[in-house]
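Naming follows writing order (A, B, C and D), and every chain is counted from residue 1.
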């Protein structure tokens, strides 16, 4: 059976005056129907760009320079505008980071919902309104009839994100791409929204790509995790990470330094004042990513081969994928 | 809403106070000053003068024009329609051209046409109104002979006291050049403003979200982006309208357009102070009125202001 | 409550309100044909009392808008408290003039959240670091200033030779080191850190946290650490204070608070932290949203969302009471043994 | 100094300037115009201020290449027989002087008011901004025209000539300062919220020092950007006033008064008296506007993207 989404060797570049910077280099992953994937990385790792390039929505001056995105067998990187428009918001929906910025401040919530339905389905306003009300109930918005006529600023942050989720659900898509959906929200609200998202994905059998920097969130919601570092894809799973970057990242988390339940055997034994395991240096900027493995200048396992050859994502001994020369 | 109205009125009074205060003491010339002073009561303290002036002004008496030997307000009211008509037509030109051009060049910033528009607009900002007017007269009236070079033709009275050139073609021809000249200075500003705001709106998250929702492109541009662009454009538009009334002075001088601006320059030459004062007060009043209307429209377009007003 | 004499800093019923009603005109409202004057006041911090002991790290956690940053700025003297007292080693500092406050400026310093906004973009790093030294030590020689600044830069892990650069030439983590260095050059004993790592990436967060802990060890610093990240707080703190809507809910040692939270809000907050490998479904669901601090709920500020709220909670503001293990909890339910 | 020069030569500023042909061309144009204006006494073949030099018989001589042109007068003469080329150089000098002077004055008042208003108490801010509002609600032209009329009336045309330049600087300066005040105030308010200002307060620095040393340098970028546009506007304002007969007198002409003096002869055939000063005025304003445009794009990275 073919997967729902098959991203292979996706490369995204940004055109500057003289050169093109590579923002996403040769990223591959697949997602089957109803599956949930976490895309994790620090800021600048290219995870959001990857999310947008699935819908072919990379904003200028960015462009998809290579690879393919097969969705239900169709390559979206080569699809024409009409096909793309038909898939966006219909088969694949997106949820953005900041619900404050995502909803248009001068249009009512009702307008923004109904226009989405009518862009994809031949229905009357009345019917569209009924669908909108139904979805608002699904995301537990109280008194949805009244809410339809209100403007976004009349809602609280958590409510707004529920509305964005309701908009994503309008056309019953088979895949939702959520780009940091809870980063702008408070902890308690964040937990509610993640619960809601998980519940809806399970009940509607929707696929989910969750883009986030929070390993904790991802480990609770998704079945697969891909970790990105400086435009690359260093996929592995949190349970017992293979790639040195993922291990370092986990070791840097206070909750993993404090507790031993992260499945991370190799984290250095906590010193006197529970020093955190730190990755030295910082993420390279896109204009000076090192040759070879992009992580080599911060990696403690680095050898000569790492500075010359870029490691490819491959199956390691226990069947997991990792892009690293030093992991068997 | 209440605070808004109170503030507007207070501001208007302040503006009027400053105008009138500055002007009440102004006299005609050194020679005539002393004689006039006593007669007009200019030796009274300023506040007394001001109070008297304001009292008269509130009763519609802005003094008497020396030259016309008529109440200044009457003179102005007879000239106002010509100026307002000119401003109106110029404003129409600005809206009709700046919106499509601004939106287009924001959507396609790299296209040849956009660059051309931008190039023309910066040249447009750099040419003074009176030079545009002179050059246009030379080309279209003197050289080609297509359009009349000055005056208002034979305006038709459409209401009592309101004569218009908009009703017949031969009259309308008179307003073409002046209104283009008048719009020439503001048009580039508006194109650039709409383009800049539109470009900003096109890069917002909600426009990206609208695209991700699969909306047709025209809806993304005209509903999601353009509606948000309107807010700053309306605000600036209100201020610019006031400035445009000031520019009518130049335009009307070149085209000898029988409006308030032309009258103002004549009044300066004739040292007709009462008329000058009345003119400034009248223009100030128009300005305050326009700004109030603009604020109301702004509140109508922007849901956030509407809510704040409701509280 | 701890003895006043041993505390480094004591807050006594500190209140901070902001009047955001604007000018007189904005306050006037036309209601029912009559003009009324209405003030809009943000109740950012309400009646908060606690002590900070020398050498400890006291963290204040809470969701955005709970007043934790306002509290930090009131303590350091950026805001003037509306009510209550702040004592530094037993001396009142909340009512001092700028001149009177000057001696305390070298003893208390602050580290800010945004590494991009907290350094003046038009000043070189060296100028940024030298300014406080020169200001507080008039007549100090250039060589001494340089030596002091270089020593601190070395300590925080920024090469002193980079002092000639401007802030924009540094990465976020390095800037935060410079920001810490600026606080340290005057050799303070108490540092208020307002979300010092929340703008940084995870791998950089660890670097900065380690640096802060190292500095605390080397210089025997006391921290007031403001954060919304509970796992960071658990890691770094001696004691933790939880705030909700400007009020203190619970204050306990880190082990007690994270091991056995008593206040219903603390319980809900802790259950919401996404734990790696944990189960998502165990969240305590809170109904509704955080009310605005403009119109505070009556009684306990949490009653609208609290699963244990009863009639008394709506009526009466709970006082912080000390439990057997030394924790402070402000909850009628805990007091009555319901929770 | 040498180090500074080297740093300038390697700077991104110079690099992107040189890569933009429009910026380089307009800069060159501006330098040529400005230097020939400043050195007018050197370049100009005649002194238009010297009445002894002017012969009314030379009036309305067409430019050199037209029938009846006189080799002594490259661009012809005006209605009084002055050499137009010399008059333009001297006139441009007056225009530039008034433009730069007026902007310097606007900037001084505006920056002071903006700083006080942004960093001072809310009451002071309210008062200052209300004044600026009132000032703005009258467009600068109107204020200038009105004051011009008053001053000309009180001084009389003869004495007005002597005070014309300082008066125009004053009137255009006074008319437009709110632009600066608002720009500065807006960026002071934005900077004031930033944490580096709070950090300076935690150090214990005095408000004046924070305002001067920390906030002011960070508000200068927008000031620089509007300054170019304001110089162009001031030159245009002066020209407009002169065109209405309220600016520079014909005996000491600026570009605007040259255009005015030629206006009445324009349609009777002597087009050059208006055309040449007009073209120079347009070129001068255009070159400044283009430079300002480039500077704004350079300093505002958000706009720089396209």
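We take it that a contact is a pair of C-beta atoms (placed from the backbone, for glycine too) under 8 Å apart; a residue touches a chain by one contact, two chains touch by 3 or more.
Since this is a predicted model, take the numbers as computed values, not measurements.
Chemist: Touching chain B and chain C alike: which chains?
Modeler: A, D
Chemist: By the contact definition above, name the pair with the higher C-beta contact count: A-B or A-C.
Modeler: Pair with more contacting C-beta pairs, A-B versus A-C: A-C.
Chemist: In angstrom, rounded to a whole number, how far apart do the mean CA points of chain C and chain D lie?
Modeler: Chain centroid spacing, chain C to chain D, equals 51 Å.
Chemist: Per the centroid of Cα atoms for each chain, what is the distance between chain A and chain C, given in Å?
Modeler: That pair's centroid distance is 32 Å.
Chemist: As a quick test, compute the distance in whole Å between the mean CA positions of chain B and chain D.
Modeler: 23
Chemist: What does chain D use to touch chain C in their complex?
Modeler: Checking each residue of chain D against chain C gives 122, 126, 194-196, 198-206, 214, 217-218.
Chemist: Within their complex, state which residues of chain A touch chain B.
Modeler: Going by the criterion above, the answer is residues 55, 57, 59, 81, 85-90, 93-94, 96-98, 101-108, 115-116, 119-120, 151, 153-154, 164, 167.
Chemist: Would you pull the chain B residues touching chain A in the complex into a rising list?
Modeler: Contacts found on chain B: 203-206, 208-217, 219, 223-224, 227-228, 231, 301-304, 307.
Chemist: In their complex, what parts of chain B are in touch with chain D?
Modeler: Listed in rising order, the residues are 11, 14-15, 18-19, 26-30, 109-110, 122-123, 125-131, 134-135, 137-138, 142, 149, 196, 199-200, 239, 242-243, 245-247, 249-250, 253-254, 264-265, 268-269, 271, 276, 280, 283-284, 287-288, 291.
Chemist: Across the complex, what residues on chain C touch chain D?
Modeler: 23, 73, 76-78, 98, 101-102, 105, 108-110, 112-114, 117-123, 131-132, 135-136, 179, 182, 186
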